[in-house]
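Which chain is which? They are A, B, C, D, E and F, in the order written, and residues in each are numbered from 1.
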Amino acid sequence: MSAKRLLFIFSASPFGNSLGSAGLDAVLAASVFDQDVTLIFQMDGIYQLVDGGNSASIGLKDYRKGFKALEMYGVDKVIVDAADLNERGLTGNELAIPVQLLTRKEIAAVIQQADTVLSF
Amino acid sequence: MSAKRLLFIFSASPFGNSLGSAGLDAVLAASVFDQDVTLIFQMDGIYQLVDGGNSASIGLKDYRKGFKALEMYGVDKVIVDAADLNERGLTGNELAIPVQLLTRKEIAAVIQQADTVLSF
Amino acid sequence: MMTLHIFNQGTHQTELLNKCLESLTPGDTLLFIEDGVIWTTSSPFDRLNKRLKVTGIDIYTLSEDISARGLESLRAETVQMVDYPGFVSLTEKHNHSISWF
Amino acid sequence: MMTLHIFNQGTHQTELLNKCLESLTPGDTLLFIEDGVIWTTSSPFDRLNKRLKVTGIDIYTLSEDISARGLESLRAETVQMVDYPGFVSLTEKHNHSISWF
Amino acid sequence: MIYSIVVYGAPHSSQAPYSAYHFIKSALAMGHSVYRVFFYHDGALNGSSLAVSPQDDNLLPDAWRKLKELHNMDLVICIGAGIKRGVINQQESQRYERQQHSLDDIFELSGLGQLVDATLKSDRVITFGAR
Amino acid sequence: MIYSIVVYGAPHSSQAPYSAYHFIKSALAMGHSVYRVFFYHDGALNGSSLAVSPQDDNLLPDAWRKLKELHNMDLVICIGAGIKRGVINQQESQRYERQQHSLDDIFELSGLGQLVDATLKSDRVITFGAR
């Protein structure tokens, strides 16, 4: 069976709910199965990628470190919505991993190419 | 112990989540304890009060009928945010029970008078 | 590779709706289910329509969810109703779907 | 009878923030916790500030939540930080609170 | 066509599992097959055998059972999501030294590989999402 | 001052119970008392004794236990919210003919009257909300 193009969209902020952590686990599972994996971060989901932070202060484990390990798993297609980044006063330098900044129109084209889309 | 002024604010739409049902149960409990109970419906919470509907079609019980029973429990202070009603293209005639339409400024004054506020 | 967009949140999620609308490609379909059906009624639909910049988008609303909430008489006329079998048909016709929540 | 407003949702809940801001009475306090601390950073705070029509509102953000998310350097300078003991002090000083979520 | 369904929401807290069930029933009636239902995130709570509807007003537990019996449908609770939320079978209960267990035996506890496998073996994957 | 705390969110799905715990710890350290913690809506899931953190990374179950032991704090799971979500004690398990039970014994299952009572007997009621 040939690899499928799996697209994972992260829209939820970290820690307030567990969608980000659930999404990361799903991405890692897909990478183990050698699928063609792409990640899109949009809206408050962009904060999943902000570097640093100490979640011990709120009693939660910092699962976000897992995003830094993605490259080791061969996952390197990481897209951030450029307008959403900008609307949050971020430049991209705050992020923990290298990302591709795309316009919404370019992201819409990426969505069209996916076989399966999972949202988190 | 003298009665407390308990304010219940409903902001969530019906059926998609169970906050409306949880809020209704809490209101009924407060009325049994003879407290001074006021309800505010705002944002999509206003749809909790829309008359009619057949939730058997989605396999859920229509707890919303309970709002019609509130008057029997002596709960008659029911406030709806007039601007939110209007923004949804509603006039008030669609609602299952008599309500008081207030401006946001008037609602802010009601909030100030409450001893305890619970949101749903 | 047209996309079926499935939106299930009410008007408190206006930002999510905007993001969904911006993500449409001509020929895509937008289906509102659960609390999302609120967007296919009266003034909320007018607001949606103003923000919809892409042409050639079919918009549907799930009749069971409209009916559960008593919103039949408020439904915008230009929105098409589908029931669950109609929902399944929409998924047949589109290669993939995105759920917005 | 001043009110402490506790807001714990991120910017996807812009409509809820608007409703919260409209509900303020002069002298009220607004505290952001959990995902809500995003509103006290950079551009999101600028947007909040533009919508804030009531004067005399103190705005706080919970330092533990700012720190957990790595947002220290983005925090708007005019927002005051409180830690959990500071949060408790705020609840002492206000007769009642509303949680927005 | 071959469908797989992903459910993120818990019964009683979210409409997602109810919508998923109605969708599946229609898809089957229209001649489609459902390869797997994968319960993820709060959807894992669908696997609890201990949830009670005092007024028998919740169709779901019986509905999933019938789907399992009539169509031998693969109903998978994500094991990671399940054990965090207290949805565990006897084996996990022993492993983690708990006194009791909660998983309804029509569901299987398994890993996220089952989600990836479902995306590979299905023509359509439909998510019923919940925050 | 006398506080009561209302928790709407489940552990692992929501930050609400963690925030509630940190708030309570600070309030006690500052000399306040906490009359009751009322777990409502998905907050009822805090009462499960079957939830497992494989990497021992969840402070909550131990944290509630310590609060109970050190301060004899009243930890009430709303019975209506609990039974719908599979958080039941032995008695409810028998009543509804279940094979197993799940309530951690540091929590008490009780009705919404306990929430109303808490609002009457406390100077402050703080809600940690979740959708």
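In this section, contacts are C-beta pairs under 8 Å (C-beta built on N, C-alpha and C of every residue); 3 or more make two chains touch, one makes a residue touch a chain.
Computed from a prediction, not measured in an experiment: that's the story for all the values here.
Among the remaining chains, those touching subunit A as well as subunit B are C, D, E, F. Look at the CA centroids: the one farthest from the centroid of subunit D belongs to E. Averaging Cα coordinates per chain places subunit C and subunit E 26 Å apart. Per-chain CA centroids place subunit A at a distance of 27 Å from subunit D.
Averaged Cα coordinates give subunit B a centre that lies 33 Å from the centre of subunit E.
Put simply, the C-alpha centre of subunit C and that of subunit F have 38 angstrom between them.
In subunit B, the residues touching two or more other chains are 11-12, 15-18, 43, 58, 60, 115-116, 119. For subunit E, residues touching at least two other chains, in rising order: 12-13, 15, 19, 22, 41, 125, 127, 129, 131. Residue positions 8, 11-12, 15-16, 34-35, 64, 96-97, 99-101 of subunit D each touch two or more of the other chains. The full set of touching chain pairs reads A-C, A-D, A-E, A-F, B-C, B-D, B-E, B-F, C-D, C-E, D-F, E-F.
Residue ranges on subunit F touching subunit E, taken from their complex, read 10-13, 41-42, 45, 48-54, 58, 83-88, 92-93, 96, 98-102, 131.
Put simply, subunit B touches subunit F in their complex at residues 1, 4, 6, 12, 17-19, 22, 25-26, 28-30, 32-33, 35, 115-116, 118-119.
Of all residues in subunit F, those touching subunit B in their complex are 6, 40-41, 80-81, 111-113, 115-117, 119-120, 125, 127, 129, 131. Interface residues of subunit A facing subunit D in the complex, by the touch rule stated above, are 11-17, 43-44, 47, 50-58, 60, 62, 86-90, 94. By the touch criterion given at the top, residues 12-15, 18-19, 21-22, 55, 57, 59-60, 63 of subunit E touch subunit B in their complex.
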